[in-house]
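In the two assemblies presented below, chain A is common to both, partnered first by chain B and then by chain C.
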Partner chain A sequence: MAETWHDVTIRLSGRVRFRTVAEEGVLVHLRRGQVIVVSRVGLVIVKALAQGATSAAALAELVAGEFQVELGQARRDVEAFLDQLRAEEVLEEINAGAATARE
Partner chain B sequence: MSLRLAGWLIEVENLSAGQQAMVAAEFGGLATTNKQRTRQVTAICNAARLGRPVGMPLESFAVNGEYAPRVVRDGSLVEITGFNSVVLFERGPRQPLLCSLAVAAEDELASPFVLGTFLRTLLAYLALDWRGVLLHCAGILHHGRAYLFAARSNVGKTTLGRKALAAGFSVLSDEMNLALPCEGGYRACSVPFTGELRRELQSGVDDGCFPLGGVVLLEQGQPLSASHVRPAMAVAGLLTACPFVNCDTEELPALLDALTHLVSCVSVVRLAVGRDDSLEEVMGTLLRCCEHG
Partner chain C sequence: MYRTTVIRTVRERRLLHSVTLELTYRCNLDCFYCYNDRTKQGTPLSLAQYRTLLEDLARMQTLFLMLSGGEPMVHPHFFEIGRMTKELGFVTNVRTNGHTLDPHNVGRLLHEVDPYMVEVTLHGATAEVHDRQTRVPGSFDRLLLHLRHARSAGLRCGMVITPTAWNGHQIEAMVALGDALGAPVRFQGPVGPRDNGDTEPLSIQPQPEVWDRIVALVAERRATSAGVHLRKEVTADAGAEKPATCSLGMTSIDIDPFGNVQACLHLQEPAGNLHEQSIVEIWHTSPLFARARQRAVDAATRLGDAPRKQLGAPLFCLAVEENCGKGRPRCGRA
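Presenting the complex of A and B:
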């Protein structure tokens, strides 16, 4: 069976540092020098990604619980946010025990 | 030989007689005599010689049109290789900060490019040690308070500085200034480096520190407008305006700490300014925004 987006295990790239500023987050990509600001919701996701490998499905459940939103909506929001993070090359996907840096 | 910058004392050792004369000629305004050495030495710099030139073209040090020496970190040692010099810093809690500046040819050391860049870099690291930042910005004094207009090259720092001087305001520097924490807030301190306003600022504010009234992320635009910047956006915007240390990944935590504290204490405003806006209009717009923060 094909792997769907929410089955992929992901984590924050080792080349990224982040800092909580007020209620938002500042991410710095060390190699690219890119600086990204994320919202309060984004910060919750980034913190979870920084704590260890997780999945989009787990992140959606986390967001739904934390912000009292319907799970379907949380899934859509998380997916959109992860797409943005992938585009900024700040995520690593982990397949069969091996980390694949998307950079 | 001792140099005094922004109240910090830098002892430069092992200069040859020729280099001492050249430093005195190029940076004589910074030299301090033994009688004036009332402060503790902040940094000790060893003048050294490279066995051979660095040997890389100047273009290889350009990033986005700006000169960007290469920073390599090995534990507490920072090696910064420039076009014709190599700088070493030993980072850590020990005071004074120990460093070296090495060039291949004796007469290269005192050039404004080599020694000037070295001193700017040193200031950026020293500022972090004081939990402050060296910012690419124009500093303008208004009723005893300093306002720092941070921007990349060619956005309008020097133009704003010129307008300020023409309008009778004092300008700290049109290139870079320090923002350092102090009791009750922050102070802006001038550094002896300027952009295009070098001649105009030679008799201006000398080595002064002033209460910091606000920090501006300067943009070109019309109409003249100002808006408060959220703390995270302010940190992101100012990160790019912190030369030298913002490309040293080991210093990033300290830099983020310093900026996070700065934006929590001082208003940060995004200001769009057009070519024809007068300094009075610019400051009026800025101050109204700061007051309503």
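Presenting the complex of A and C:
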């Protein structure tokens, strides 16, 4: 598992389902049987992760643009959020060299 | 947070959060107390109609789907529909009798449908009792064989038990069996009339003491966090909602094999039919859901604070009350 988000390509795990409920997101991890609720900002990130492989840097740019926050702050917030998602086994990290995915 | 925040939002904004699809009334068992009205007529939904329905539901942000029946796995397009639910991002549960849950189908389920849970029906702790209720010899042994394989293959499984006069003496043994198989047990009931009002199933109501034992067992297991559940009757109302006997008409619907959209599995009045209208139109325009909700509120008012009790069970279900009042003679499926 990568220790930082530099040069890591990620996407939403295939074992996770999610829906938008009003301004929040509800994620269900099929194997862990866990429900995770994310905020409006988290939902933007989850949707981007569900659309395909991306990076923390790209997500930070997305959040900075969407919510009008300074890029450095967005990067710190996104990485903290990704740390949480990683701990919940919600992410697949794609090994750039071997192009394999793991949770 | 899900229960306190999300569910409240879902209810306040009346979002369609959960849908049960009764794919077929056909079944490969012949359970004595089956509630389905197998004489119900209609044109089954086509595969194309299921795709339209599921795409609409995905756009409506419906999260939970239950594939049910009859026996859903005997539907000719069960796996095609299951694959669609996966592609469209639903959390899918399958309620099955387990009779066709063989290793081949377990593999297909895991790979093609990827359900959150498969819930099977357990009728007894021995073949003698289980097969008496299913009226198919060998169904108990087959269920256990299938469940053991399904669990070892990684399928999350649960079991649902309806207490009857025939299995009431095996309640504790059935719970122990669930523990041994790694499949948490849930009780449902009471045994009610069929959805067409046929009261024949009432002849195998359990003795009241059976429900007393179940309530005690559930309380004991809850204290030790072990997995046995009695379906909760009264839901939510954490905010300004009026008390109701169930969440009827609020956030979930049932769709029968012929496209009838109902407020609940057992209340047969349709809000509309998918052969004529889209689910979006039915959910947003039919007055049936508000009427159904009002019925649940009125029932709670009528029953007051007294402990719920219906046909011996510590529950109250509007549909059981309604079906008891239909006054139909027995259909003679002895």
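In this section, the second predicted complex is superposed on the first by the 91 of 103 C-alpha atoms of A that agree within 3 Å, B and C clash if a C-alpha of one lies under 4 Å from a C-alpha of the other, contacts with A are read in each partner's own complex, and residues count from 1 in each chain.
The rule is simple: contacts are C-beta pairs under 8 Å (C-beta built on N, C-alpha and C of every residue); 3 or more make two chains touch, one makes a residue touch a chain.
For clarity, every value in this text was computed on a predicted model and none was experimentally measured.
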Combined model on chain A where chain B meets chain C, clash or fit:
clash
Let me test your reading of the model: by the given contact rule, A:V26 touches which partner, first (chain B), second (chain C), both or neither?
both
Would you sort A:G42 into first (chain B), second (chain C), both or neither based on which partner it touches?
neither
Can A:R17 be said to touch chain B (first), chain C (second), both, or neither?
both
Enumerate the residues of chain A that count as touching chain B in its complex and touching chain C in the other.
17, 19, 21-22, 24, 26, 28, 30, 33, 35, 37
Within the complex, which stretch of chain C touches chain A?
1-2, 5-6, 9-10, 13, 15, 17, 61-63, 89-91, 114-116, 154, 156
Chain B contact footprint on chain A (complex, rising order):
17, 19, 21-22, 24-26, 28, 30, 33, 35-38
What part of chain A is in contact with chain C in the complex they form?
14-15, 17-22, 24, 26, 28, 30-31, 33, 35, 37
List the residues on chain B that touch chain A in their complex, please.
230-233, 235-236, 239-240, 246-247, 249, 252-253, 256, 260, 263-264
